[in-house]
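Across the two complexes that follow, chain A remains constant while its partner is chain B and subsequently chain C.
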Partner chain A sequence: MKKTPIWGMWLFTVGAFAFVVAILVLVKAVPLETFSGMVTGALGTPGGWRGTLREMTPLLILGAAVFLALKAGLFNIGADGQYTVGALAGVATALAVPGPLGMVLALGAGCLAGALWALPAGLIKAYKGGHEVITTIMMNNIARFLTVALVAGPLRNPAQESATTKILAKESQLPILIQDGPFRLNIALFLGLGIVIGVGIWLRTTVSGYELMATGANKRAAEASGVSVAQTLVKAMTASGLLAGLAGAVHVLAYENRFYADFSPGFGFDALGVALLAASNPFLLIPAALLFGAISQGTSAISILGVPKGLSGVLLGLTILVFAVFRYRKETPHA
Partner chain B sequence: MLSLFVLSLTLSVPLILAALGGLTSERSGVINIGLEGKMLVAACITGLVGMASGNAFVGFLCGSGAAVAMSLLHYLVTQAFRVDHIISGMGLNALAVGLTSVLHKRLTNPDFTDRIPGFPVQVYWVIAGAAVVGIAWYLNRTKGGLRLSAVGNDPDKARQMGVQPTLVRFYALVATGLFCGLAGSLIVTNAGSFTENMTAGKGYIALAALILGGWRPLPALLACILFGFFEALQIQLQGQAILGVDLPSWVWQSLPYFVTIVALAGFLGKNQAPAGLGRP
Partner chain C sequence: MSQETPAVQMTDIVQKFGSFTALDHVSLAVQKGGIHALVGENGAGKTTLMKVLYGALKQTSGHVELSGRPIQFRNQAEAIQNGIGMVSQHYAIIPELTCLQNLMLGAEPGWAIPVKKAEERAYDLASKMGFSFDWNSPAAGLSPAGAQKLEILKLLWRKASIMILDEPTAMLSPSDSDALYDSLKSLAEGGATIIVVTHRLPEVMESCQNVTVLRGGKLIDSRPVSDVTTAELANLIVGRSLEIPTKEGFLGSNPWLQVKGLTVKGDRGNEAVRNASFTLCKGEVVGIAGVDGNGQRELFQALSGNRKPQGGQIVLAGKDVTKEGQAQRIQAGVRQIPEDRHAEGVIEEWSLAENASLGLQRHPTLRKGSFIDRKARLDFASKIAERFRTKHSGFQKPMKSLSGGNQQRFVAARALAIDPKLVLAFQPTRGLDIDGTQQVYNALRATARSGGAALVVSFDLDELLEHCDRVMVICHGVLSEVPENQTRDRAAIGRLMVGAEL
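The block that comes next holds the complex of A and B.
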């Protein structure tokens, strides 16, 4: 088969960009003003940086979670649901046990909840061949209904009009390191960076990391050289869920400080984009998370100009497609 | 009891249409998790154009056209650029959620309080029923249908036998777009107006029904009715005690999704995918 010419990919990129411009014109926004507003809103002011780094934190951890699964050949679309249950478990634990001990327990509870939420998808994939994309999406829906019911029922703060938990006490929150005018830097960002670097080192230097990547590269070859593919798949999916749950717990302990109905703005799906952009290098998760954090913060900033927040979805989807066209082609047509 | 039956059928029609869209695509070897996004775009455009023109047919035409355009974008990305099919599908779904949100927020006429003009739902019932029978016949009894299966099962061998996989897939994906267009316009017609993310995972449930039905039209139809039944059960029985046990509402709401997981775990039949699924 003939190879796709390189100009075709650039044409596709230009087409994607033209599409965004056309949409902006259609909704009566000035494209140049919108783009410059996004850049200034995300990276041009201390307050913008605060928001960008805040959005970046869960994307780092969730990106590492999705990346880990992707290296084993699994699409963890369920990161969003695992993140949600992790966040709720984290809040519930931190409310029950105040102080630093509660903080540690809350992070652990988040990990546990996320891992348990991912486990069925891993088991079904490994032993029954049911596709993880569908099972994890179903688990996302169940997570939404369950957490909404819990926050409207037993965990609800009766003093509030809407369905939300109580706000965590100051000593249960992850501390802010730098506070300068509108700028804030929470320790959670460094936790996220540490997790990304840890996952990168783990994948590249340990036996279990190697087995995971071997499974993702070629199941048959991995099995033939003594790797238990089924077990590796279950472990990879569970570990991915664990990290996603941790991301939820970190996000509530550091930034939101409470849980409310429909908690996730779709971080789990953004994380798929982050992991895809990082491609084969785990350390590229850091700039990828920064980019998606900036897009998210930038579109929030320009929503004042009357451009809806949904623009971030358009940019996210097109970024995935354009990047995939350059990076994720199948090299040989023969299996 | 009769109303439960009718409600089950009503709720299963969008699933059947979407599952047929998935069937034409996946039997030709193109994995399609983007059904959800195509339906959502079709629902949004059908609503907006229907609202502006006041004409059900024009609305439907534009909505379906948008779904076909999305489907051809999937074709371009997976066939011309040979991108992994799941990545392309996820990208398209993200695009669809964002795009419909932007268009809906900015272009909806706030003075329009009527229902969006649409065909009577019976039209969709007839189309869905006829399409299931028609596709079953087409797949097993015609040259084109056998070519479609040949491409989906072994694209290399099909190529050697003189069948162009990319051409067959082009037509298959146009059909996918049309079916998703029908499903989306039915959803928005049923609801009367567009709301953000209103397809609520139906595209994925339809895909699960397709898998459960072994990628064959009639079993897939039955699987869709089964999912429709559980959704109807959820609507009708929510809040009622069953055998003295009062289940909380979130359990009822989760029921269709839970059944999907059980189905994919292989407890309701064996998964038999087309052998060439996802191959270039």
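The block that comes next holds the complex of A and C.
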């Protein structure tokens, strides 16, 4: 077994950093100022924290969704589409049934929509061998255009110029736990943390979690151990979709309070990064989601310095690469 | 001969893994142009020593010389450039590629491959060895013997003059094994140096010139085969006299597993098992002899619930289980020692503790309701590790940290641990030494006697004759009983195995 030399990895890290600095110089920003602005903007002020935690919330639930599928050996690239349909279903339900009951129904509708959106990919994978990456990408496109059509048509708020739904009534929204003071916290954050912890505990302590992970680790061994691999794949994909759909519903009920065309800024894809950073430990989803939330919030904060917002994508991508270099170091195939 | 500089000279090799000493001042001299056997129990250090030789491991101390020239390979690629290659127990054949592509893989003649020329050279190499290959057909269709041959040709393609073969006959039928040694002999006569790591002493006695015995990482003895008897060799390997098992005659009368008219389709839609009918009595250990690929796999898959039979009936302990799935059969007490432990028996990245419950994860003793009972699982892991003395360095360590033989011990013990009613053992002693083989069969027998039955597939007829109560034969999917007056007649059973008339 050979290990990549440690200096090589540090060289890579420095290279990645230099790349970011080069971009900053290119857009005529002062690197040092930019970095300190990012950190302050994300974690240095109450407002920054509020934004960071807000960005973190959907990433927690979506991260758990992607993580769950990953443990069953499935790449749920479709989390973004499931999130989008979940959000629309949540808004539509909450608009139809106002009040706390509607809110609960809306969360359920989000789950259902996400699960149904993932189900075909699970079935195709389990029984026809069609790769889930391809099918979920297709489902993402369908989700995107279908929701745009719906929000431009039957669900559109006629009082608005753009394609958007009405805003949810206050009593339909997820409650804010700490209203006053600098830290305004929505219950959604705790819901997200609870889901991550719940998924982690379920995977590690239950027999069904064990069987799901056996399926992901070695299908033939799972089959020989009495696990129905096909059923497990369908269930894992559907459960992953369910959580992703829930993330969408939670996001609209807690923060956005409405649905509009091209709703997702790519949370579903960021969640892939979150799950990959967490690697084998579900509880690492929490710091990973926090990191992603902070980078996202930090880059929004410095956009006033003239740094393009797209920088967050560059930073996230490089972060994953650097982590990957360190993480997979030991896994160089041995002789 | 002994005055010549040896082709391989390894001197005072020490290999430590942490605090564990795998090789303790081991020396090995291999003469050019012969077949040298390296024997020893599981974990004796045979594979480790070979890995040092071809550069997969860097020794802690000691040095290696090839024909008097000191070398230190950094990796296998360097080793092969210097003419040393290894065929490991697990063939590195990629089924999707053609035989020719597999042959060249990693040693292509250039950026663009002159197919005609490559084919010619492949054909020449093969015919020199007396092999024949359909070079442009996918390697997926190769039998284990074919894959083994292709692996040897891969070394010849790379112009290896020193070849290491790890358990080369483990998956081969007796006639294929003989053929393999014939080709090895002709290679050796042509000047190649061959090192064979093996457990099969008859092979050593018949085909090798020299033998080196390792035990517990130490060199025990090294001498010409002509100076040693099989019994002496066995004693050198184990370090004490082996008890010769007294074979008790066992005749069951209580039908336990009844199979009637079972027909099973193979992956290619062929009838892999045709109309098989047989009965296992309570307490019996029954062997199925046959050349690899004659339907053993599909028969076992049908019995374990992994493959739906086309027709027929399976009755276990008076209950028709034909329609039941794998999980239900496990619940009914069907246990497997699977053929391919890497692919089916273990999850290599998982810890020993996690692997202990694989297949038994729903057994009431290993869970509390829907939850895993971790404590019970850990106790269980230590119980099964103890049974066949699996060498390990902790139950939280990944399964892949164990040597192949130790993994096999673990997997075999697991299958025999809780309520086994029918044990399906496919090559249960693959990679095990004499002592381990004995232990596993003793346990199989004890398990069967205490209220179950065991069905054993092995490609080693001698092993089956030695350890099983009786032997059936499978050939081209047709299962047949051995006529009563010939049950111990090796030659007669051998003829049945190849479908010849009695």
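We take it that the second predicted complex is superposed on the first by the 321 of 335 C-alpha atoms of A that agree within 3 Å, B and C clash if a C-alpha of one lies under 4 Å from a C-alpha of the other, contacts with A are read in each partner's own complex, and residues count from 1 in each chain.
Throughout what follows, a residue touches a chain if its C-beta (ideal position, glycine included) is under 8 Å from a C-beta of that chain, and two chains touch if they have at least 3 such contacts.
Keep in mind the model is a prediction, meaning the values are calculated, not measured.
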So, after the overlay on chain A, do chain B and chain C clash or fit? They clash
Between chain B (first) and chain C (second), which, if any, makes contact with A:Ser225: first, second, both or neither? second
Across chain A, the partner (chain B or chain C) reaching more residues is B
| said: Touch test for A:Thr206: chain B only (first), chain C only (second), both, or neither? | reply: second
In the superposed arrangement, which partner chain does A:Val325 touch: chain B (first), chain C (second), both, or neither? first
**Request:** State whether A:Ala214 touches chain B only (first), chain C only (second), both chains, or neither.
**Result:** second
Interface residues of chain A shared by chain B and chain C, listed 334-335
Listed in rising order, chain A residues that touch chain B in their complex are 1, 4, 8-9, 12, 23, 26-28, 75, 77, 120, 124, 128-131, 133-135, 137-139, 141-142, 145-146, 148-149, 153, 266, 269, 272-273, 276, 306-318, 320-321, 324-325, 328-330, 333-335
Counting only contacts in the complex, chain A reaches chain C at residues 2, 205-208, 210-211, 214, 217-218, 220-221, 223-228, 334-335
Touching chain A in the complex, chain C uses residues 51, 55-56, 75-76, 304, 306, 325-327, 329-330, 336, 338, 340, 343-350, 354, 357-359, 361-362, 367, 370-372
Counting only contacts in the complex, chain B reaches chain A at residues 33, 73, 76-77, 80-84, 86-88, 90-103, 105-107, 155-156, 201, 204, 207-208, 211, 248-250, 253-254, 257-258, 260-261, 264-266, 271, 279-280
